[in-house]
Amino acid sequence: MALKKEELLEAYRRMRTIREFEENIHRENTTGEIPGFLHLYCGQEANAVAVCMQLDDTDYIASNHRGHGHCLAKGADVKGMMLELYGKEDGLCHGRGGSMHIADVSRGILGANGIVGAGAPLATGAALTAKTLGTGGVAVSFQGDGASNEGYVFEAINMAVMWQLPMIFYFENNGYGEFTGHDYVVGSKDIAGRAAAFGLPAVRVDGTDFFEVYEAFGEALKRARAGKGPSVIEAQAVRFYGHFEGDPQAYRSTEELESVREHKDCLKILRQKLIKGKKATTAELDTIDQEAVELINACREAAKAAAFPDPATLMNNTYVSY
Amino acid sequence: MAEMAMRAAINSALVQEMTRDDRVILIGTDIAGGQMGSGGQEDAAGGVLGITKGLLPRFGAARVIDTPIAEMGYMGVAVGAAATGLRPVAELMFMDFIGCCGDMLLNQAAKIRYMFGGKSTCPLVMRTMIGAGANAAAQHSQSLYHWMTAVPGLKVVVPSNAYDAKGLLATAIRDDDPVIFCEHKALYDLPSAKVEVPEDDYTIPFGEANYVTEGSDVTVVALGLMTHIAAGVAAAMAGKGISVEVIDPRTTSPLDEESILESVESTGRLVVVDESAARCGFGHDVVALVADKAFHSLKAPVKLVTPPHCPTPFSPPLEQAWIPSGERVARAILETLGLDRAAIDAALAAA
Amino acid sequence: MAEMAMRAAINSALVQEMTRDDRVILIGTDIAGGQMGSGGQEDAAGGVLGITKGLLPRFGAARVIDTPIAEMGYMGVAVGAAATGLRPVAELMFMDFIGCCGDMLLNQAAKIRYMFGGKSTCPLVMRTMIGAGANAAAQHSQSLYHWMTAVPGLKVVVPSNAYDAKGLLATAIRDDDPVIFCEHKALYDLPSAKVEVPEDDYTIPFGEANYVTEGSDVTVVALGLMTHIAAGVAAAMAGKGISVEVIDPRTTSPLDEESILESVESTGRLVVVDESAARCGFGHDVVALVADKAFHSLKAPVKLVTPPHCPTPFSPPLEQAWIPSGERVARAILETLGLDRAAIDAALAAA
Amino acid sequence: MALKKEELLEAYRRMRTIREFEENIHRENTTGEIPGFLHLYCGQEANAVAVCMQLDDTDYIASNHRGHGHCLAKGADVKGMMLELYGKEDGLCHGRGGSMHIADVSRGILGANGIVGAGAPLATGAALTAKTLGTGGVAVSFQGDGASNEGYVFEAINMAVMWQLPMIFYFENNGYGEFTGHDYVVGSKDIAGRAAAFGLPAVRVDGTDFFEVYEAFGEALKRARAGKGPSVIEAQAVRFYGHFEGDPQAYRSTEELESVREHKDCLKILRQKLIKGKKATTAELDTIDQEAVELINACREAAKAAAFPDPATLMNNTYVSY
């Protein structure tokens, strides 16, 4: 794998944009202007970006409740995303879906999902479409360690194996499902190992290392595109904030909370590697940082100023026709 | 035009639509059967009741897909496939198994279009078997279309004969919304459901009721197998000078409210016969419609004939007592006509 | 006797019953929270909304059991435990997730007693959160108690205030049948649901409605959060000389049919306010009951106020338009009183 | 393991009784007197018996649609079973359940089940009861190869591991789920291996060999009783008849159908071993055979003669109280 400089800068830009998007939501949430439940992706950006930047619009992803990062990485419009989170008419889903259902099927995004693990069978369906219609596309489902215990996730893995679908199950193991540790709910304490027994390659990667994810996913993608069937990737990831905004995280020690930003920040790690490897200068990266801040600020202001949907349109789009 | 049993009519609609559109695929447990058996026949079954027989050899394994027994998983695959360019007809062997895959209908298929702001479609058809009468007991006899009718975003079809089944299934497959297609197992071979079915391509629009019989004294709304019971009662009543109009809505969602209201406006009396549920069922929905919108035409209490509020029993005499009977329907009709119990007993004894 | 919010009342019922009977256990995702976190607090959460907080330290991990996210599995475990000697209170975090575990309720818990010829019991309580109003969008806002009410073998409770919640939950836990206990998330802290709650042990029988207000002109049947909306309208109407009787059935199964019928017999008018569904919901069930059994007392069309037939939207102004509003209830009441649209508009404008 | 002679004869008797019960149903089914769907256990008897004869009434089993053998092996009344299948009032479930729901909770039988795989979580619940109340009991779920793909079966396995429950998952792999081969639907083609990755001992045994099953289950049982947690057993079993009565089995070759009775009949195999090992004489076994025939004949005649339930009792036992 030899990523070009532009690619590396683009990766950094996407991760930085997601980070800024989420930090902004975190700050703005206290204003009460953002409705509903919010699950932030801060800390896990390397995963979404290293995966999605290898995909194109014929490829599909299915995301979960913690979906902002996946959608942004896959190319959803940043402003449309922000407006959606504020419940505005010009949001990506016209304010109907919000954070937990944000989607853009035209960009191959089958949506965030409020049902833990549901994305696995849905994405497997997209992989079936790709195989049946010969589109050359692949499908990826993003789910957490908690989701790894949902039976239908195993069902989807089994079918992907049976039918040798172009499908990749990407588990972001951030150590917690809501407030409960991975080691408590995964009896075997080994998500990748459990999956491997279904008959497909399953690897574990460091989800704070953009390059490690990029490489492992690249391998899986190559197999999928070549018709060699599905794969599983389990990434050790890190969640900076609580399960949802407002979660006091009484189950995490202060040491853990302090150390993750210090030692396990995928963005900081990428930045250091880029500079150390002479792939980018501090100035170049600072510029990207600055641009991300400006972009998100502009989106936020646009979102605040935008109009809510008209209640007269409440029932629109329940059906195509009825 | 030849007579066809409902079993054959459904198969024929599938052949027609799969021929017409390559994106139509079938997916379900044992819908072909025989995969990796010990060298016997593939297409060994065509579903437990043989409805999809012959489709595997005709359309190939890429379009007639046997699944593991994993309802939530394969229904999710069907929904995901529907959202990305295929038009899957997924079979849930018995509707009783809806609790094993419900989320994919309730929260995914039904809602993605709305939640995504109208930017996607989910042209999924779920075919499933309903109904009592086969001594299949409590977990293989339910008619849970009321559950699905209650879900915004889903359309629900309950055909009562071969002609309707073929035309409505074709419509379902061409529809861009998710459709739940409920086949009463007693109808597959029922002689009165065996009617003339065009070989040609035709569709029946959703939301248009069928007048099984026309009449002026009482309106009876009935679906699926119940239309046959109602029609039998209507014929018997006709002999006694009571004119019964039997309306088969054919689809519960959308519902042809107009035909039902119009009929009640002219007869002033309503009996609903419904196999779904004794509580919060489809029948209650029809009654509520009429009790609001046609209230001033009503001349008598509205009667609802459903199974009792207990699971479907196994033992044949119990099951027969569970299924809404012609006698109970007749009794309800006579009640709406104001007869008291003694008069009803006498009328039924005379029959 | 102190005032308690519904949140505390539910917690208090659990403490009371777990103290009273060692066989009562709690099971659900994050009902304690903190298991194998990084050295922080166990009992970190007490459920996403803190309802079960404090129970783990009090009763221990053998009786307050956090589960994996595997609804079908752990609900099945709860059913199996209930059939073999425990009295589990299983939490389904949001009732919207019923499609992930439905079979264990529909086909197992509800039916085993009947199918086994009366030779077993299933003393399971499933506590679950319902309701819109939290901008939680289409998959976290549903009130699917109509689905459960339709299932023979299940009992269904929808409390509307702290006093009822505690007493009904105690009854549910002592009941030998499976009970679905539906908690509207907007009620946990709603001031009008915060009422005096005895410290002492008490129970409220199932199938006995509560008269929220007494009145003589119109009967309003409302459940859960809707009783508060209805009560608000009743108070406003009282100021205009319209006497509204608001009845809260408290349990949808069994249903206190008598109280509803008696009330309609005296008022002659019925409005049902129900958050469950625009089609085949609980409201339709109540209407169908009255349209049969109290038909001759009815003086006006029966009005049903529900959300529209579309998923719960995310955006606040849309969601507010989706939830049955006081204005819609008032309008329905005035319609049953025979006012035409112009008169209703005028009356509401005056308010 | 040194089984006493009486125990061996009792095992043979139970297997023989199940066989006779099922063969009788098979013959009688053509008369039209037996209502509903019927799934026969013929060929798999060694499994139910070698498992259940090691259990007592404080132990629970959960069975599946193919449940007659499990129930009979666990001690359900033979006549009560037969009457139930005929839908009679004096049947084990008063005619309410029939073949697919036959149960006797007082004998630790949580019932046959019409929902494939449902028994796994239910039995896990019984194991939770045993552990919580300290009854000393264990729980066993019987399910097929087809059921091994249902997600909630995996969920149950994971929970049994997490909580180290006295639970044994017994998979009878008879090669087919309905009309579809095990190798098609199990992507990894390895049920025991897939389960082992969940973190519990999982072995494969020859389900036509009573002794092999007895031993493997005995080991698992010992662990469970000692509080050492759950196990999985996958048994290679053989189904003599079709999936249900009336299935023409077009998916099985005639060679297979012919050879199974010849070479894979667990009853024949046990009989030969008993005689060869001098544990029993031909005469002793013939007597048992004869007694089984007589018992089943008597039950059948009783069932035919028995009364149906009174329709007036239709709604009884929907609730304990309502």
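Per-chain residue numbering starts at 1, and chain names A, B, C and D are given in the order in which the chains are listed.
FYI, a contact is a pair of C-beta atoms (placed from the backbone, for glycine too) under 8 Å apart; a residue touches a chain by one contact, two chains touch by 3 or more.
None of the values given here were measured: they were computed from a predicted structure.
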item: Chain whose average C-alpha position is farthest from chain A's own; value: D
item: CA centroid of chain A to CA centroid of chain D, Å; value: 45
item: Where chain A and chain B are represented by their mean Cα positions, the distance between them in whole Å; value: 41
item: Cα-centroid distance, chain A relative to chain C, in whole angstrom; value: 35
item: Residues of chain A whose C-beta touches two or more other chains; value: 93, 95-97, 101, 113-115, 149-152, 155, 158-159, 162, 184-186, 318
item: Junction residues of chain C - those touching two or more other chains; value: 67-68, 70, 72-73, 96-97, 100, 103-104, 107, 111, 114-115, 137-139, 152-153, 308-311, 313-314
item: Overall pattern in which the protein chains touch one another (line/ring/star/complete/other); value: complete
item: Contacting residues of chain C [partner chain D, same complex]; value: 23, 25, 62-63, 65, 67-68, 70, 72-86, 88, 103-104, 107-108, 111-121, 152-153, 155, 175-177, 207, 254
item: In the complex with chain C, residue positions of chain B that touch it; value: 72, 96-107, 110-111, 114-115, 137-139, 146-147, 149-150, 152-153, 253, 255, 276-285, 287-288, 290-293, 295-296, 298, 300-304, 308-311, 313-314
item: Complex contact set, residues of chain D against chain C; value: 60, 62, 91-97, 101, 103-106, 110-111, 113-115, 118, 120-126, 128-130, 132-133, 135, 139, 151-152, 154-156, 158-159, 162-163, 316-322
item: Chain C contact footprint on chain A (complex, rising order); value: 35-37, 87-89, 93, 95-98, 100-101, 113-117, 146-147, 149-152, 175-186, 249-253, 255-256, 308-309, 311, 313-315, 318
item: Contacting residues of chain B [partner chain D, same complex]; value: 29-30, 33-42, 44-45, 48, 66-73, 96-97, 100, 134-140, 308-311, 313-318, 320-322
